[in-house]
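Here's the structure, in structure tokens; my notes come after.
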Amino acid sequence: MIGHLPLASFTGAIEFIFSPQESNVTGGKKVGGFDKSMELLVKHLEVTVLALAIALLIALPLGLYLGHRGKGEQLAVGLGNAGRAIPELAVIALVAVLIGVGLPNVAPVLAILGIPPILNNAYVGVSQVDRVTVDAARGIGMSETAIIRKVELPIAIPTVMGGIRSAAIAILATATIAPLAGVESLGDFILNRNVYGENGLLAGAILVALLALTIEGSLALLQRRLTSDGLKVKTA
Amino acid sequence: MRTDQTRMRVLLAALAALALTLGVAACGSSDDSTTSGSTESGEAGAIQSNPENGKVSLTIGSKNFPEQEILGEIYAQALTAAGYKVKSALNLGSETVALKAVKSGQISGYPEYASTALTSFFGLEPEEVPSDANEAWEKANEEFEKENLQAFEPTPFASANAVGTTKETAEKYGLKTVSDLEGVSEELSLYGSPECRQRIDCLAGLEKLYGLKFKSFTPVDIGLRYTVLEKGQADLSILFTTDPQLSAESDKFVILEDDKEVFPAGNVIFVTAKKVAEEAGPDYEKTILQVQEGLDLKVVQELDARVELEKETPKEAAKAYLESAGYVG
Amino acid sequence: MGNPLVLAAGEVGGDFFKERDVGDLCQAQTQHVFCFDWARENIDRFETPTVQHLQIVIPALLIGFVVAFALALLAHRIRWLQPPLLAATGILYTIPSIAFFFLLLPLTGLGRDTAIIVLSAYTLQIIFRNTMLGLNNVPDSVKDAARGMGLTSRQILWKVELPLAIPEIIAGLRVAVVSTIAIATLAVLISAGGLGTQMYGSNLTFPTSIIIAGAIVMLMALAFDSILLLVQRLTTPWRRAARA
């Protein structure tokens, strides 16, 4: 079976990450190595962060506002469910052929994949804040935006951050196939087996997995910092 | 408020969707057997089915672009007509993956371009690739034999990489040959497949042998090579000389003449393991050589057009070719 | 390039060459969005990929559910297992499936089995966490009442706690199902077939095929989601539908 690489290939992959190797394609140039791995890692992060920022800009205020007003539940929740059903490969392929290749085209479209979880969780998080608390805040004369900022959002942080974490991972995962639309990322190692070889293939997979775990861990830590102590009753 | 009415509607919708999914699942069938068209009559050119071959199982592979898949299908269907048990493993990847697959026994053989074999596998410089098809084949075969592999004789048609652009760009910069890019290429963006950077019959060759430097190189999937030109994102793109778009849309796209012969044209030679050829008997090589005789440039361009433009499947296109040429009833 | 081979027995008939005007051909325009004629004539091309897709998704969901459910029951009994199990399933969830597919290559190779394993692992956290949530949310008063009536721990679990936890469990299942159906499109990258085949390779630049395959994926997700919603309605007649 072609896929059965020996287990020793994991060590090969680790080597690939750190030192350049002979390419499978003759042409004399070596591939892989630390510089290249870091270059692609940074590019992967770039497109992820950019798309996440766009998604946050659009979905976070909208979700918080809708949740505060208690309106648009169908939109927020429906979009959340529908968003999960969108196959990322279709999205990337359609961007590449209909809109264009390259970062300016791909990043906004990746943002679309991040909007549903952020919108959904922002809405749910804010709308589930006890109405009594909100009314009390209104009673003491707080403005609507102040209520969102100082009362609802702090309480909703765990849920909202949960949505942001989901979005970040979804975008990061799709960024792995972004090379199909001309955006370089760690996915290059995985998708271009003929250039980077079996070692590159595994190296790419390892790096993507580590990156995802790191981002998730960092966001989880951030969530913990942002969650006020009064809310930290149960873990996760 | 959920009422019984809503409940009914949800139930009906769910059942309808379920029925649709199950209906499709029931109708679907596993589809990896190739068409068998064994003939009995002595019609000139028709492939004869030999029951002896039924004992032999073959797996035909191909690289990952349409022309390759069509060739793979043609060989697979032809061998089935000759009575072999054939499976196909098309779309393996690029040449290094395919070669590994032959060496490891995962596939019996696959179609390779003689020029690619010589430059990619055996390290020849492009100018060392013989322009005569038979010479190129013999040279490649020599090298293959050292690894217990074998290449069958070449097809009539040959294909090569080419630097392509839109008609407007060519006229704007006065580009007829690749050498015309000197002095101009620094302003132009080049798009090609990811391995193009490393290949001597691609970007590496353009830089080294033509001495060209480009404004940028962007790696994109082979399938996008015309899209990026159309959308104006690419000034230059790496195309193939057998592309149907070049004749069907000749008012849009042009290729630049390879005056320094950096892009050697390759006829297709079928690469297989010696052991496989021995065990499969004489009909193996005979059928493959027989069925590829009809593959001249015009025919291959038509095949490519059917798949890339009309979106026929390689299987359908291959079948049409085999029937039209009388190989298969 | 010269080639002396002569066309012998295989002269291709003139009828092989079609007259075509690329301008007229919808699917030849790379910038088309959807070709209805082509879609109508070639819809059967999607049958096998759809079946393959189900052949990946259904086993993955079954395995994922059984394993996650068993783990949840275990962690319900042995409380201190909850955090580590949550963390472990969390890791499997966070690792992007595409990376996971290739991480398993040296061990399980290309093909459907690897896809099923990865997708099952992906669903573990959602189902596990929701099952735990459902069980933990059963009010103590109810459990006390049941104990008072003389039910054993096991009977309480199966006759009281689990039925009450069904909405949460199914909520988790719904998310798992929809996500799995979407992610299974990537199985094409490890030669496992599925609807991704109609979006990749030569179909990468063929919008009509991509859109049809994508629509089938989403319809499939909708179908499964609706069925689960129905199951929930039928198994919890005492409740109005909880918010999804």
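Couple of notes before you dig in:
First chain written, first letter: the chains are A, B and C, and each begins at residue 1.
Here is the rule we go by: contacts are C-beta pairs under 8 Å (C-beta built on N, C-alpha and C of every residue); 3 or more make two chains touch, one makes a residue touch a chain.
None of the values given here were measured: they were computed from a predicted structure.
Of the two chain pairs shown, A-C and A-B, the one joined by more C-beta contacts is A-C.
For chain C, the chain with the farthest CA centroid is B. Put simply, the C-alpha centre of chain B and that of chain C have 32 angstrom between them. Averaging C-alpha coordinates per chain places the centre of chain A 20 Å away from that of chain C. Between chain A and chain B, the centres computed from C-alpha atoms are 36 Å apart. Looking at chain C, one finds that residues 30-31, 204-206, 222 touch two or more other chains. Among all residues of chain B, those that touch two or more other chains are 221, 224, 227.
Touching of two or more other chains is recorded for residues 1-2, 96-97, 180, 191 of chain A. On chain C, the positions that touch chain B within their shared complex are 1-5, 7-13, 15-18, 20, 22, 25, 27-28, 30-31, 38, 42, 45-48, 50-51, 54, 201-202, 204-206, 208-209, 219-220, 222-223, 226-227, 229-230, 233, 240-241. Those residues of chain A that touch chain B in the complex are listed here as 1-2, 23-29, 31, 96-97, 100-102, 179-182, 184, 188, 191-195, 197. Taken in their complex, chain B has these residues touching chain A: 93-97, 100-101, 104, 106, 119-121, 123, 191, 194-195, 197-200, 204, 218-221, 224, 227-228, 231, 233.
Residues 30-31, 33, 83, 86, 91, 94-103, 105-111, 114, 174-175, 178-179, 181-183, 185-186, 188-190, 195-196, 199-200, 203-207, 210-211, 213-214, 217-218, 221-222, 225, 244 of chain C are the ones touching chain A in the complex. Looking at the complex, you find that chain B touches chain C at residues 2, 7, 10-11, 13-14, 17-18, 20-21, 24-25, 27-31, 44-45, 64-66, 69, 91, 131-134, 153-156, 158, 221, 223-224, 226-227, 230, 248-249, 265, 267, 290-291, 293-294, 296, 298-299, 302, 305-311, 313, 320-321, 324-327.
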